[in-house]
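Pasting a structure below so you can have a look.
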């Protein structure tokens, strides 16, 4: 791709984040996304939706046209349009505009309008490209490192919830609202996560004893995922500090917000630039 | 036991997990267990259970026969059948098939059907034999190391719950639903675990003050088990990293997901094989 | 105090925990305390209390006599009876027997019976003297080290709860159940601790927005006490490991459950004896 | 400013905390603030407010006069009165007295009285100037260091809440109380934070499945902020221990509550004086 072509200029503005034009594009896009979400939400409020229907529809059509234009430009300037269209964010971009067209041609499909709320996910793409990349990566790597422990934890919760749900179903029975095992498992989840809606409550003393055990268990196993994440995060942050090296004396171990080397005093690289934004190439290389 | 006998071949398939046949057996077993659980759950749903009763019963009988066959094979090929039958999983295996036979001969005992939900525990055995062994062990060792602190924590919670339950019983009394001390202790547990069903709520200002104290206490002591688990997990993970040694340079301290030694670059042992699965011999040696 | 007097023998049995007789005394006392608690709880249940009133009263009188005898013996054999009577546990011991005598002479004071539930605190004394001393001390020291941070945390919660309570009082008002500022502060505590009874709920959109903010705030500041306790516990456990020294090679850093020195292999002191039980002298020196 | 002028004396008493007069002033101020808050709260209680209206109003006027006098003195003795009036606490001080005057001249503006509850924030200023400064700073720095991770966490929660709110709106619909998307997002926040009022609950099996997912998600992502705060706090506390240096041997690494150097035994600086109260100059230099 020639460096001075229109295509390349567009690519730098739309996919890049390091130029001034790129940043203005990103901010404008975030404003457009949030505005279109506000329109969607207003549409659903009984006292506003029907009254302002025509105005809101006009706004919705404008935003859809805008996002359609943006989608076409992304397809046009991306060096690998197919890869972009198939990528996660490519699909989200398409799903963000499709329902409006479908509702236009098939008015009965208007309930699909909620899919447009997926637009909220587009904000993620913009955020992660800019400055929060590094911290986001630390969080993600911690979760990835802990994925096995988290899987074991959720299997344990699933089994506990099945057993306690079945127990309460046998003890309390349909006359107290526990009409089926799935319903009782739903109660067990509501209880073990300490949400406690109160739409299903045990009435017999023995049922209340089982419920108390479920609560205390839920209350204490909440400590396990926290322990897992914290321990991983601790290790991840420690190993991360080792990665940043002073360009002058090559010593590592600098605080995350340090701008000068604590050994020789020479300036360190900008925290936002220290790690190469690996995901950028992934979206549209 | 001769290495080429049918008995030994069966043993490797049923109890082992390292051969291809053993893995296929495990996956087939997990599918069968989950399917039989789905049948059980469907049976309990008022709009499905009675309508499809005969079909569901047919499936239930098939699964019970299958699990009976498996149980007999386990007894046959295990080198110490008695030890297997008395072991935790041996009892679970038996409890998973017994209720169906009992319900067949004594139809009034059908409520025992829920015991069949214990089948869910059989999934644990398979899971722990395969790849999640190591992380599961770290979690278990952390909990074991912290058992005294956890015991102290639960004694404190039990005493707090008794005192606050008695206080609210005296202040609110039967006219606001606190009909007995066990009922009031149940309320205290619902409150201190932050579940908060709302079936029992204090109505007097003084009762609400006591409830507020209970909540704030519950809210803050939740920090204690988390702190305990995290601190133990931190130490366990650190000491674990010391266990894995490079076969070439014998240096330890490798990350949990490292595949190469960070000192000399030679390949490390497969993480899943690093620790000998100690529990395997325990079930059926 | 002469070492062979009856007084000294009694002292060793009642206050000590290292002799066989002392341990049997402790276990018998725990059983008596728990039994007397069960009697108290049974008394409060409407379907049991009135029916078995005379039997339960008989048991209550027996336990009270027993505890009275124990209290007199403690006063008799303690080297400093006055110090014992004024100590925390001396007062608890007296409060555990007084209400029964008061109810006997002034029948109208029967509601004071609940004070007898303080007997539950006597279990603490016995527990802490025996084996859980060390871990209990680590937990207590962590809480003491963190007391300033915990105080700041609770002041912040108190101020937040006042502000959000006042806000919801102005927005929702008496017509939605928020009849006064204390009532609204009670709502804010129920919400910020994520208990959520549901007896008071915001009905207006703006009230729900304020409630959402309160929830998200409560949800995230829960992280602060956990962080404080974990960080302190981590440091406490690390410094504790440094305290235990091998009697042979004098090296420290042993795991909490180690029985042999990991450097030279010689046996370490019994974990339960490693730290001098400082509280024993405090109760009755 | 001459060191012996009345202005300087007042400045030391009102803004300073190191002299005896300054401490007495601070304690008197805290008592006055809390008393005026109690008056405000009593005013709002239906059974007390109207009955004691005149007495409470008299107290309110007294406190307002007192705080007005204090505000004028602060303006008078501050070396930079304008900077003080524009500072955060200057505005809070003004807001604490203004509503009473407004309600006096415009009786209809009495609902603004709740703004007076902002007086509660004045307690913060006094607290932070005295002894809790250091620990408060550690907590604040940890939160500041973690601000990016916390921002990512809250963005994720906001997006999840929007998606799950929209899902439940489509599935349950207005007939089960989910009348609009904002209402449904409110439900999602109530559920994901595990508050669970129970004013809005899913009734259909599919809605309950979505609710279960929301709960389990909320239950487990609660681990993320805790992990972040703990890891930062851990690092902050470690680096803080390095800051305190022995005035004799210049070695660092002392425990937070140490009063003597652990290397040479010479006395360390008083923990409360170790760090210069940086905020003091900020308020009124």
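The letters A, B, C and D name the chains in turn, as written, and every chain counts its residues from 1.
The rule we apply is simple: contacts are C-beta pairs under 8 Å (C-beta built on N, C-alpha and C of every residue); 3 or more make two chains touch, one makes a residue touch a chain.
Quick caveat: nothing in here was measured; it's all calculated off a predicted structure.
Asker: Taking each chain's centre as the mean of its CA atoms, which one is most distant from chain B?
Answerer: D
Asker: Would you mind reporting the rotation angle for the C-alpha fit of chain A onto chain B, rounded to the nearest 5 degrees?
Answerer: Superposing chain A on chain B takes a rotation of 90 degrees, nearest 5.
Asker: Interface check for copies chain C and chain D. Shared numbers divided by all numbers used: above half gives same, below half gives different; which is it?
Answerer: Both copies, chain C as well as chain D, present different residues to each other, with under half of the numbers appearing on both sides.
Asker: Measuring centre to centre with CA averages, how many angstrom lie between chain C and chain D?
Answerer: 30
Asker: With centres defined as the mean C-alpha position, give me the chain B-chain D separation in Å.
Answerer: About 42 Å separates the centre of chain B from that of chain D.
Asker: Roughly how far is chain A from chain C, centre to centre by C-alpha average, rounded to an integer in Å?
Answerer: 42
Asker: Could you pull out the residues of chain A that touch at least 2 other chains?
Answerer: 153, 182, 194-198, 222, 226, 228, 230, 234
Asker: Which residues of chain C touch chain D once you look at their complex with the stated criterion?
Answerer: Going by the criterion above, the answer is residues 145, 148-149, 151-153, 155, 159, 162-163, 166-167, 169-170, 174, 179-182, 185, 191, 194-198, 201, 205, 208-209, 211-212, 215-216, 218-220, 222-224, 226-228, 230-231, 234-235, 239.
Asker: In the complex formed with chain A, which residues of chain B make contact?
Answerer: 37, 40-41, 44-46, 49, 111, 114, 117-118, 120-121, 123-124, 127, 131-132, 135-136, 138-139, 142, 150, 153-154, 157, 182-183, 186, 189-190, 193-199, 222, 225-226, 228-230, 232-234, 237, 255-257
Asker: What does chain A use to touch chain C in their complex?
Answerer: Residues 194-198, 226, 230 of chain A touch chain C in their complex.
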